[in-house]
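Lettered A, B, C and D in written order, each chain numbered from 1.
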Amino acid sequence: MDEEGYGMLGRMEVALGEIEGCREFAALIPEVRTNLVYAREQAGTREDVLAVDGRITVVEGLPRAAGRVKFGASSHMARLIIELRRVDPFMRAGINFAWTPHLSAWLGRYCREKGWVFSVIDRHGEPEEIREAEGASIPWKVAEAVRAAEGRVPKVFYETGAIGKEPVSVLVGRDPVEVAGQACEIARNYHGDR
Amino acid sequence: MDEEGYGMLGRMEVALGEIEGCREFAALIPEVRTNLVYAREQAGTREDVLAVDGRITVVEGLPRAAGRVKFGASSHMARLIIELRRVDPFMRAGINFAWTPHLSAWLGRYCREKGWVFSVIDRHGEPEEIREAEGASIPWKVAEAVRAAEGRVPKVFYETGAIGKEPVSVLVGRDPVEVAGQACEIARNYHGDR
Amino acid sequence: MDEEGYGMLGRMEVALGEIEGCREFAALIPEVRTNLVYAREQAGTREDVLAVDGRITVVEGLPRAAGRVKFGASSHMARLIIELRRVDPFMRAGINFAWTPHLSAWLGRYCREKGWVFSVIDRHGEPEEIREAEGASIPWKVAEAVRAAEGRVPKVFYETGAIGKEPVSVLVGRDPVEVAGQACEIARNYHGDR
Amino acid sequence: MDEEGYGMLGRMEVALGEIEGCREFAALIPEVRTNLVYAREQAGTREDVLAVDGRITVVEGLPRAAGRVKFGASSHMARLIIELRRVDPFMRAGINFAWTPHLSAWLGRYCREKGWVFSVIDRHGEPEEIREAEGASIPWKVAEAVRAAEGRVPKVFYETGAIGKEPVSVLVGRDPVEVAGQACEIARNYHGDR
């Protein structure tokens, strides 16, 4: 393990500690469970991305990382952040959480207040040849999220549901401590507003 | 806790031990994660059904129960088994796992060899008024699984995917030790046949 | 697994749930950690005794079972309860916890109020030939605990420290649910009295 | 959390991963369980020392960290490493493990081969006024380990047992990755030599 890796692992631990302590975030964990990812500065493949082995689930009403933080432990979220880094190299961390129409409307307003770019990946628009080509889906998704935000890199976005696919929200940022803090703040504020 | 509850908890522990030791079953854990449920003889609500708090995820390549076994820890699978018990009171335990077209075709053949009823819940056929009525979906699903099996209670069935919903396979039986053993046997055989 | 085993496992789970929820018991977990054991009605060897794999430690200020409940997972506590069962066949469960002079004096008074037999195993009295004979120590200890209680089987007793050996308190009873409940009551009362 | 803390946490995670994968080390975990500690460069109190919350126990035959890595999670080992750092500021990490006469004799030879200083803290020599003065014991122990090694800072040492105290071995080093690697190498070599 190199110096960058040690510092990254440490940040993931602190970020997970924050998430595991946030009861309100448990309500935002989707059926497919949450993952938190963190890409190396020069990440090229999913092996360069830290994630939680077994994802983050809900135990005793609190978020709980199922296994250890490891390089290569995520596929979808890892590839999403790698692709996003091509557009904005500062975006190295991300977390996914639930989506509902109600949360989405609330998130739109929240992001406006924060001055954050909010976007959407409408999977209905995904061309069939891309959906079926191995590995082509993620680049299309990131391009779509940027396109829907008029060329800006979004801070928060969601993927609409599709046949067999749960809709999810995603928040990205520079490092997992920032991302976890913002996700927990969203969870607490959304909980308070309901 | 009463005598029935103690015996049920014990059976769940033994069943989980079997699942956690079956590396091949890890490959069959769906995005929404697996749960194993076990209903009291007179189960009426989800509080009468044991399940794994946080579901069963994959850690270090092996199935891993995220939290403890508890009454009330499952919603969807718990209500499914309660509804199924109305049709066949001996069916008190169930487990869900992944669905793919390939696995499904294989499962059909496997069930035929075993003499097990194999069925399907085609969510496309779900009437809109049922999909939207709180709590009406599960009774419809069970009725559909029985109808599609020509009136017989299926041993294995699957729910097709829908917008926002992952397709999943389900295996049911009398108790979790039986169900876990059969699910692991499926996983090992399917792995061996690929 | 047989019916007796299932029911025993279930009782251990319920008992552990009680202990894991008792913050005050965390203060009574000794350096060597706590174990909770439960012997089969006809227990002959440690393989007939359920215990917590990895013992019960303290995480985030709460008692936490490190691993699963298993037959054969304890050595010392398992053999102690097997030996005790020879004297009183109803004594099938036991838990160990910390010992200090202050706790011990308090426990003496507590047991008197409860009408419980309180005893001591003074390891200084252990004959050298017994200490060195493989497996002879536990029968001597149980005989000593009974002798020091004037022939009665104690409900609570402690082993004094010795060279290399931490002193510990032990509470025994019919089943782990009873034993866990009594141990937690002791922990809460002792905490309240300090 | 600061940069030093992140890097330290990351190193602890990597070190724990190594220990948790070393089956032979499980045989060296003492009754009081193992802890792995890592002190900040300027550590003054136990709050400046990372350790495993709940210590490292044995589950399914493998070492298992019971809880998360945290500052302040250790008392004895943390104060030992703080004190040792006063003598040699490069010694910032340590791990404790079992002691037996056989292991000790083996370790003496092993250290000689490695060119490591091996020492002993003979608790029989501890003056009574020190044993009883709060906080005085640890400085005495470190001074004694250095004294017994003729003024050199030991790489490996052990504390003899005392009334109520288990004897333990300790290995120290610059960081937890080094220390974990060396402890696992000891465990594997000792296992191989038996």
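Note that a contact is a pair of C-beta atoms (placed from the backbone, for glycine too) under 8 Å apart; a residue touches a chain by one contact, two chains touch by 3 or more.
The model shown is predicted, which means the values in this text are computed figures rather than measured ones.
Engineer: If you take the chains that touch chain B and keep only those that also touch chain C, what is left?
Structural biologist: Touching chain B and chain C alike: no chains returned.
Engineer: Based only on mean CA positions, could you tell me how far chain A sits from chain D in angstrom?
Structural biologist: About 39 Å, centre to centre.
Engineer: Find the geometric centre of each of chain A and chain C from their Cα atoms only, then give the gap between the two centres in Å, rounded to an integer.
Structural biologist: 47
Engineer: From the C-alpha centre of chain A to that of chain B, how far is it in Å?
Structural biologist: Centre separation, chain A to chain B: 29 Å.
Engineer: Quick check: what residues of chain B touch more than one other chain, meaning two or more?
Structural biologist: 68
Engineer: Touch graph across the chains, line, ring, star, complete or other?
Structural biologist: It is a ring, because the chains touch in a row that closes back on itself.
Engineer: Pull out all the chain pairs that touch, please.
Structural biologist: Between chains, contact exists in these pairs: A-B, A-D, B-C, C-D.
Engineer: Across the complex, what residues on chain B touch chain A?
Structural biologist: 31-33, 53-55, 57-60, 64, 66-68, 161-167
Engineer: Can you list the chain D residues touching chain A in their complex?
Structural biologist: Contacts found on chain D: 1, 3, 5-11, 13-14, 17, 68-69, 177.
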